[in-house]
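Below: one structure in structure tokens.
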Amino acid sequence: MTVNPSGWRPSTPVNEEGKIRTVTGNRALMLEEPLIFEIGSSEQTGVDFESRPVAKGHRLAGLERSKPIGLPGLSEPEAVRHYTRLSRQNYAIDLGLFPLGSCTMKHNPRLNEKVARLPGFADVHPLQPQETLQGALQVINELAFWLLDLTGMFGVAMSPKAGAHGELCGLLCIRAALEARGDKREVVLVPESAHGTNPATAAFAGYRVENIPANTAGRVDLDALRARLGPDVAAVMITNPNTCGLFEPDMKAISEAVHATGAFVYCDGANFNAIVGKVRPGDLGIDAMHINLHKTFSTPHGGGGPGSGPVVLSEALSPYGPLPFVARYEDGSYKIVEEETAGAEHPDAFGRMVAFHGQMGMFTRALAYILSHGADGLKQVAEDAVLNANYVLRSLSDLLEAPFAKSGPCMHEAIFSDRGFSNEITTLDLAKALIDEGFHPMTMYFPLVVHGAMLVEPTETESKASLDQFIAAVRSIAGRAKSGDETLKSAPIYAPRRRLDETLAARKPVLTYREPQAEQATK
Amino acid sequence: MTVNPSGWRPSTPVNEEGKIRTVTGNRALMLEEPLIFEIGSSEQTGVDFESRPVAKGHRLAGLERSKPIGLPGLSEPEAVRHYTRLSRQNYAIDLGLFPLGSCTMKHNPRLNEKVARLPGFADVHPLQPQETLQGALQVINELAFWLLDLTGMFGVAMSPKAGAHGELCGLLCIRAALEARGDKREVVLVPESAHGTNPATAAFAGYRVENIPANTAGRVDLDALRARLGPDVAAVMITNPNTCGLFEPDMKAISEAVHATGAFVYCDGANFNAIVGKVRPGDLGIDAMHINLHKTFSTPHGGGGPGSGPVVLSEALSPYGPLPFVARYEDGSYKIVEEETAGAEHPDAFGRMVAFHGQMGMFTRALAYILSHGADGLKQVAEDAVLNANYVLRSLSDLLEAPFAKSGPCMHEAIFSDRGFSNEITTLDLAKALIDEGFHPMTMYFPLVVHGAMLVEPTETESKASLDQFIAAVRSIAGRAKSGDETLKSAPIYAPRRRLDETLAARKPVLTYREPQAEQATK
Amino acid sequence: MMRYLPLSDADRSEMLRVIGASSVDELFRDVPENSRLQGPIEGLPMHASELAVERHMTALSRKNMVAGDVPFFLGCGAYKHHIPASVDHIIQRGEFLTSYTPYQPEIAQGTLQMMFEFQTQVARLFGCEVANASMYDGSTAMWEAILMAHRVTRRNRSLISSGVHPHYVNVATTMAKFSEDALETTLPELSAETDAKQLMSRIDGQTCAVVVQYPDILGRITDLAPIAQAAQAAGALLIAVVTEPVALGLLKSPGEMGADIVVGEGQSIGVGLQFGGPYVGLFACREKHVRQMPGRLAGETVDAGGKRGFVLTLSTREQHIRREKATSNICTSSVLCALAFTSHLTLLGEKGLRELATLNHARACEVADRLAAIPGVSLVNEGFFNEFTLKLPIEARPTVHAMVERGVLGGVSLGRLYPGSEALQNGLVVAVTESSSDEDINALEAALKEVVQ
Amino acid sequence: MMRYLPLSDADRSEMLRVIGASSVDELFRDVPENSRLQGPIEGLPMHASELAVERHMTALSRKNMVAGDVPFFLGCGAYKHHIPASVDHIIQRGEFLTSYTPYQPEIAQGTLQMMFEFQTQVARLFGCEVANASMYDGSTAMWEAILMAHRVTRRNRSLISSGVHPHYVNVATTMAKFSEDALETTLPELSAETDAKQLMSRIDGQTCAVVVQYPDILGRITDLAPIAQAAQAAGALLIAVVTEPVALGLLKSPGEMGADIVVGEGQSIGVGLQFGGPYVGLFACREKHVRQMPGRLAGETVDAGGKRGFVLTLSTREQHIRREKATSNICTSSVLCALAFTSHLTLLGEKGLRELATLNHARACEVADRLAAIPGVSLVNEGFFNEFTLKLPIEARPTVHAMVERGVLGGVSLGRLYPGSEALQNGLVVAVTESSSDEDINALEAALKEVVQ
């Protein structure tokens, strides 16, 4: 496939775009859309009800609402159009390459959407009697089983609602284990390059956070770590593969060093996609690791959730895992172990992290994903993810500085810095120019350890043709960035919006809509 | 709501669009997409199969395929992206006003999509034993019942696959009825303003077509019609409301005149939306009328079908209706009457028009639509459709010539001509400029009886705000058209494609893809 | 009041004011007073909530036996294949679902490019040079093919093979009653031999077209090449009808064997059973005959900026331009089903289609052998793809009903299709696809065994 | 080989060539040899077709009793309301479903504007000034609210009403074990009276927050105004928890009565039951406290061309900027469920929500009276919205199971929620929504009557 696949034929360039301002503000299929508060009314509705005689009076304890709420309604045609038009202002995996490093923006299989909507999963209440829920419990049990198989760990807590929630679960298990042996430790060590949720979670769990430095190869500095370990350190949080897209080759040594001081190893499993089916984290000595089902196991990101963050646990930590969980009995039946029953069977459980049983809607999708891929498919996932990332790395590293490329291949993501750009041009400018080219930008300015970081994670569901087109676009923009092409500063020019004023937004936050009258009244 | 709802604030105009050509040809979210033949390969697939041992050899009568077919495959991620990107190059009702006159582009309720996909409808074979199909037959029977209720007719043939197929069904009933009385007539009269399917169908049914003229008020010229009627005329095809969006007030007189000569009245019911629930065609003396379920009853147009065209019949024609049909028995059971059983129960049936039983997938949607609206809702549909059209008519008739507006209101669509435009500017130019404004153009150059016709059918599912925006856009463009603004000639400029060369396409038809090598070889 | 109607009463009053009418009824003044209903129409209840409508429809749907819920072996023109979930996702994209025939190509490239891809796929699958953008279904496509042959050859006597689906034959004979076409056809026989030879012997200088189904209604496969040669030698066309296009993943295409026009039913790829409709008619032919073809055609061209794009083309064949002189009266066809077909076929690709066909054939072979081993039951076919005919020791129609009582949808009885024919009453047509599990097959075998003995 | 993997073997070789590696395993060389698995992982079968996976999952799904298939009356934090079909269509738009947190606002206005609308709707429904763009669910939102109150008041002793959902209380007490927060709470009593008075009497100068659920776990409704005043007089905050936001279509909002922070579970609008997740946490508060709020916030701004647009804002509260000093560790939240919520609420509008709430309340009143008329059964509540508690003559837990045997999902037993408490064992919480038909209600009445006598 050529880079310009659209069949353009050479001809005099046509430059009329932008010359004519439309009355509506629309540009053909790029449609402007007002807020529901500007087009809806509180008397309009898109839902009908059977009109039935209302019973004799309210029993609302005298607390009936007297004032209007201010909720606009839209008829169904208007609502479908409103959200369709909004949706068209979004980029998405379904539109093209979305190489957001650390986020694993892989294809979301449509089978999984179908499966999650089976009435037997979608239309079941969490407090139904357990004899009416055996299928749901079996889903949780099967998924748990495969997660353990894939990670080589001992136990798994299924209820955490996302990655950060999983981190919390893992740290609380560690804390509970330490407290159970009367060991009050206060510090959690986190690499500088860690994702923000790692330190935030450690603080949330009541720990003091200290950074551990990286070595020049972008890995944890083992000596510095060893030096800092001691009786006050409860845990070390390692991301592996780490946020520079590199495997920590000393992982076992790290684990041994940590364990030798009585501390635990927490592994951020956000990057599990690089090794799924190839490497079992349990073989590396870790004690707890969350798995973002919305990354490795492809449950849709949905614009920022819902996710799901099951945590696999070592034998040492398993007794402390949270409630509720699902147990399988010898007769083939399943049971929810919760506060009531935990006492006898699971006395050390640290308690409940969330109402109900976690993200069933994600479990069904992830289970379908795992069964679809199977052992061979998952291994191929990791291999193709790593292959794609290395292909991007090698295809760009002559033009963009790739700080760790000399030391060897990367895992599932390739990292570049903005060194070599002409002075005024930044990573941000390159990213915004990629938008005009029809791509979602890579992760920018993360991890913090690389200057003007650009973290590119293509994932295994991208074709070579898609990568080639991306590479060509980045090369073109990088060339302009190096030569100081100022027009990059005005990118994007073709998107629904040009660059947005984030400072204004933060300085004078407007977080909810106010009717123009209301606005005027307060002025 | 103001015409420009997007919150633009006055600022220096930004005109960079079009200045920068991207490497990919993409313009941010406006994405180019190659053909599957350019990106797929015959070894790629998006479907897995259980690998099972293949039985001992083929039993293919020695006709195994030896040459490759040339079918490219795509993995699921690539396929979803291919079709998603293609879809984004389409306008649709879900995006905005689609005022294509004569096509009734109303909102397609999503409930109906859900209902049609119930396994009990979607996953049922047409030749299953009838005891396993009672629900499907009941759907057909219920829908038939309500169509009769709404039209005041005697019988209904459910199997026609679209409007034109319904026309054919109606004419064949007429022909069968005439032949049954030994009456061989050869001519069908069709108004000049009729839709192309009317004369085409009459020819398809073996008739000679003659035009009947319209009077200055845009209606059938009753005197001219009377003058032409005679023993050679089998039927008159009338569209009511007609294709100028006008009701034929003399419909009853027309019917009487036609019947007096032994001929039949076929009514094109494509415009039933204007009168549904308000007027019963059966009260106007017609003998047969098709109903486009994909118009009045909102089954989705789908880019050009599938549709469904049931035909309601008068008592005189009902015995001649086609096979198969559904009959309800006294015990509440349903049965398919087909060739086998017709003999006794329906000896005059003219035969089968199509394999199986018509468009079940459309029947379920249409039934859900009818039950959702009910008697009150359908009446409101007609009223709002007519109100919306008249609102557009009155809001534009000072600026655009509206040939029939002086004589009174229109029905569900408003018609304008291009008279008054500056010489070079045409209806086509106005239509293409509307594309840039974010609207689908109206029907152009149809019906033929109005010069440079623009036929605007807003339908009842458009809000006033939507009409106001459309009116403002048309007014702006019409102003430019009158003043001879040449830039209209280059519209659209913001759409995925600029004006396409239709002459080239027809002169040197390229109807299938040829691999570049193949192409070269033949050159 | 109604969830689908955006106008409020305030809007309505304001709009009437602008229009200058005092009531909506004034706008209906062209309708004679006595033809206007006074209130809402009688009989039909008032509007209903989504919940109420869904309940009603769900209750009706549950009165049907669902193919996916039981062992299922019906074919004869409609096949149960697994459809990838992404196909349904694609056809529900609002931009496809709620768009119209692509009359404004600048904002309809999605539909137009998809049509162009569909046309190419159908042409290649059928072994023809060109294909159109869809017909209503296979049966109407076949009749349109006969009419087209009539236009091409200017003859009007066509021979229809006894192996053509009887519903298709019925459609053609019905339509021919009203046209100037004469059709000859007979009933099939329960034998491995098709009527190919007999057909060839009946071709003469007045023959317009020979119409042959491939594989035929009993699942048999005949080499079309000799028939094509015989027809063409006499100046006639060969029309091939394909009701199970998946077969062409393994079988030679009709075009390759010389068919002039190949029509078919696209249901089995992407569309689903749906109780018979909507389906999608496939229509392919030689390039030299394209101007006699019915239906829409998408063609390649360029835009004002030189970019490749697609438009509807050769419209001078069509009703909206040519009116009574059009090649067909078809307008709305089956584009969304064509999208389902093309997207499923793109997901399959050549490799997937071949695998699918191989799997179907292998399973059908296995089932045929197992069923033919039941005492009294014999296999009619020598060659077949995924569908074959059994001769039972008893009548097939009651057998089918008896299997239903055992929860098995076991096949189509020839008695249902040919109620008049004594000779065919013991014939049962069984289709086996990838969608039948081993348990399903066991259940079929057990049920048939039980019923016939 | 795998439908989700686009690379062909040829691609792989070519890419390895470009990379300069001889095999993919070379790319894994940082993983110590002995930590790499040699073949595909053991235990897990090889890849499977869609059909096989769908069959397996469908079989599992059929082992559950489906709420929509039976008379259904469960609530206690998760409610069965009818969701318009268009909501599911909207959330399946690929541009919403497969996009990420809107970090690149120029190509994420769809998500950002939707968030802004959602925030406004939630703030208005709860009677607050601002709301965020979603939390995981109601229970975690409540704990985050307590932490936020801690940051605002710099106090750490909070009182939790006995009317708060016991799961929510469990979450808070679990988390408090590991933080510097002390929580006081008790078990509810089977009486019409809530613990409002008692709570107020326990507020003192060290109280950080008072947490009250509205309506509470037994369905009771208390005026929050006096509690708000008492709390605020002592420098504490009132946190209100709403697990059934539909109630606010009829009831005064917590914000209107003075609550400082209002959190809730958004499941009952647009999201569906889904066995407990994913749901969507709602979180609203006073504008002056916004910088202490957890979670994402969309805010209005303008673009370089002066057009209105939306961005994520006040990120300095968040983990990706502030790391260990962030207001919360939350990152991925529940945006797609927020979309379901906001689109359903937009379809309802104020009018629809009021009608929905009225219908729910009316039906609940009717059912409460009918069930309370069963000998031995009495109604605990005076006030309630769509959910109320019955005191049965026997234990409620076995009653629920006995009703299941009669095909009825008849309510949540307090014994299930409070297994330790003798006093609560006879309590049954029954929720009644628009989704129950008259026949459902008859079936419930009949089943309960039969079981208790």
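Letters A, B, C and D mark the chains in the order given here, with residues in each chain numbered from 1 onward.
Convention: contacts are C-beta pairs under 8 Å (C-beta built on N, C-alpha and C of every residue); 3 or more make two chains touch, one makes a residue touch a chain.
Keep in mind it's a predicted model, so treat the numbers as computed, not measured.
*Asks:* State which chains count as neighbours of subunit A and simultaneously of subunit D.
*Replies:* B, C
*Asks:* Please state whether B-C or A-C has more C-beta contact pairs across its interface.
*Replies:* Top pair by contacting C-beta pairs is B-C.
*Asks:* Compute the distance, rounded to whole Å, between the mean C-alpha positions of subunit C and subunit D.
*Replies:* The computed centroid separation for subunit C versus subunit D comes out at 47 Å.
*Asks:* If you average the Cα atoms of subunit B and of subunit C to get two centres, how far apart are those centres in Å?
*Replies:* 20
*Asks:* Quick check: how many Å separate the C-alpha centres of subunit A and subunit B?
*Replies:* The computed centroid separation for subunit A versus subunit B comes out at 44 Å.
*Asks:* When you check subunit A against every other chain, which residues touch at least two of them?
*Replies:* 6-8, 13-14, 28-29, 33, 41, 43-50, 74-78, 80, 84, 88-89, 91, 93-95, 107, 109-111, 113-114, 372, 435, 461-463, 490, 492, 495-496, 498
*Asks:* Which residues belonging to subunit D are in contact with no fewer than two other chains?
*Replies:* Residue numbers touching two or more other chains: 1-6, 47-52, 54, 84-86, 88-89, 92-94, 106-107, 302, 304-305, 307, 347, 434.
*Asks:* Once bound in the complex, which stretches of subunit B touch subunit A?
*Replies:* Contacts found on subunit B: 1, 3-8, 13-34, 38-39, 48, 75-78, 80-81, 84-85, 88-89, 91, 93-96, 106-107, 109-110, 372, 435-438, 461-463, 465, 469, 472-473, 476, 487, 490-496, 498.
*Asks:* Report the residues of subunit C in contact with subunit A in the complex, numbered from low to high.
*Replies:* Touch residues, subunit C against subunit A: 1-6, 8, 47-52, 84-86, 88-89, 94, 106-107, 302, 304-308.
*Asks:* Can you list the subunit B residues touching subunit D in their complex?
*Replies:* Within the complex, subunit B touches subunit D at residues 6-11, 14, 28-29, 41, 43-50, 74-78, 80, 84, 109-111, 113-114.
*Asks:* Note which residues of subunit D are touching subunit C in the complex, please.
*Replies:* Subunit D residues touching subunit C: 3, 49-51, 54-55, 82, 84-85, 89, 92-94, 347, 434-435, 437.
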